[in-house]
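For reference, chains read A, B and C in written order, and residue numbers begin at 1 within each chain.
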């Protein structure tokens, strides 16, 4: 069926692109190696420099892929659930909670892996708080309640973070906290990246199984229920999954914005609106953007440019361009 | 999404509120109280005229206070200059200082702050260059302003002796590891590595300025001979990670863990505390296990800078650990 | 044809049914409708037509009384309320999503049923177009196709011809008739008196509510009592009264 083929071709092309970018990222870096040596190292042989380079580049590449895909999935899901193209993973207050968790762990003098764990817990806690608070609000539009609760919880977390910034030692802790907030793909160890990969994959599996039900939920709760779906439960499941994915990725990379907002929009232009195609395409495009940005971060000298800054610099104008092109196509 | 600017705005907005809430009642105003614009200035004042220090921009933690003389028990008042909890001009005026001192970069920002404070509070404001090589002049200037010229002269002589004893060249290539994962570093010329570079050690981190984050691979590419750190959390983790304790050739790499209490030996803050680091750099074998001569030297400096001689047990904790 | 399962054909029975939201109440209502019956609900704005439809659909709990209604119930909102950008075929196939709890998307059978439904309504050529590029009339027909694909035993249409041009209004009315012909119970809330007159029975949301066959109930006096003012035109043909 040519229609099915039309749907698959862009996805396949995106998969190729992501693979190509990932391989490219594995081959670029300050240690002097050649692609041949790296290939040998991947097979277990090869000289020690190539093996070292591979072992050091792999976590960063994996982190970029997981973070990009995770944020894009969460963003696409929230845009469907809120029926709002401006929705992004930050809406539920998860990112702020993760940042606050990391800050408090830093001030407590915990090891870096504990900071990631505290960030994850902080994100989960604030996401749970938002969902619980919104569920307690019975009347009115549930989307509005959710947005307001997300804003409130996010603001509370930001206030906690602000206190932490004040209390941090300006010569030691404050720079570290600032770097964490601005985002980096090079921070996570392979183990941490693999854990995040597991969590994000689980989230992806849930969301992809929900599939067309997300489309139904996007029509509104009444419509979804009239179509025979347990709309409240499914909505909660989708939101919780999005919060989980966001928390998992923010905890290993810090705050990286714009990918969650941008990737679904670009994906929409390429494969249309149905969740079954939109979610995987968003994830692939998100991973691709993250890989590119990760490389850019290291391209200007040995000092890394925080990826959160780069995504903002690249993302904001790109989003504007997408929006204009999309607006131009519609009557 | 809460942008960085929003976070900073929140932090700055909460500053005075938090200060008002947490500040203890200021100590009775002594004749001639001196306001430190930042932590480096506070240390300078504490060394020369501790009884005149109104308060710390950032109160040292209990662990640090235990190593300082009881004169260090001053309240936290916040900093006029950037870095740390801010204090606004009105709160500063309420502390009734007779002199304000800033010790650090002499640039447009700090000069502007000096002008504004002088004008607003009608307060003598002394800005002293914080470069390590100018420490003797700094002591003399501060001694003059604080009315303790003899003491200032004595400390200046100490500083001159320590600077002269530094080997200008021939030190190892080093990488300064900051933050818990060690991937934050300082590039050549930054305050954090001024002491090490003055001691003739060469910073492998080229191509940047100030503080920055690098990747693990970048560190491996630079392949320094020595890792220096003041971060105990990092040191504990790095001891068994091959990335840190082994060079590319496979040989063992030394990780030198310097004390950060009561104040760091080479940084944290970039002030007179760094003289202790200079004593270490000028010692017979800074890369080797610490020797009694260094211990004696450090104990003496401690007493002269912080007005308290560490006990032998405390000295053991203060001397550098070399993980090799 | 539409997949209406025999076990779902059932009467709708309401005894002493009171619906409402907040302080507002409507009822008590007595209803007894067999499958295939078409009921029009008339009332001024604010009388509670939408609330009644939602309660019959099971989306809002009744305040009092008993209700047994056929399931599944398909809800057709007023034109303009449903916004989506996915293709029409997908929109119609979503009607069958309630059937399989774990399938991520419409199956081949679902898509085929969707196309068949679109074909029956005469809009098969719209199958690949994005839903939000259609006119209001076309969207209503697509949503009715979705209802047909859903195999709904109860169809609740909230002002289905509002704002539609006469051609599409007629096609929508015919489509709803066709659904009833296949055995669904159709309840239409409307201001369109001509549409109401075509249905089998009419429910007037007066106080107390009155039900009866369209020909009997739709008298000028009853309508005047319902809307609070005499009607200047004949309800059947739209000609002004003499």
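By our rule, a contact is a pair of C-beta atoms (placed from the backbone, for glycine too) under 8 Å apart; a residue touches a chain by one contact, two chains touch by 3 or more.
All values derive from a computational prediction rather than experimental measurement.
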item: Dominant interface by contact count, named by its two chains; value: A-B
item: Most centrally placed chain - per-chain CA mean versus overall CA mean; value: A
item: Between chain C and chain A, distance of the C-alpha-averaged centres to the nearest whole Å; value: 42
item: Intercentroid distance (Cα basis), chain C paired with chain B, Å; value: 77
item: Distance from chain B to chain A - Cα centre to Cα centre, in angstrom; value: 38
item: Junction residues of chain C, two or more chains touched; value: none
item: Residues of chain B touching chain A in the complex; value: 1-2, 4, 6-8, 10-11, 13-15, 18, 39, 58, 82-85, 178-181, 183-184, 187, 192, 205-208, 211-218, 220-222, 230-231, 233, 236-237, 243, 248, 250, 260, 264, 267-270
item: Complex interface listing, chain A residues touching chain B; value: 29-32, 48-49, 52-53, 56-57, 60, 88, 90, 95-96, 106, 109-112, 115, 154-155, 158-159, 161-163, 165-167, 169-172, 174-176, 179, 181-182, 184, 186-187, 255, 257, 298, 301-304, 306
item: Contact set on chain C toward chain A in their complex; value: 54, 57-59, 72-75, 77, 82-87, 90, 93-95, 97-99, 102-106, 128, 130, 133, 150
item: Contact set on chain A toward chain C in their complex; value: 3, 83, 208-213, 215-216, 218-220, 222-223, 225-229, 268, 272-276, 331
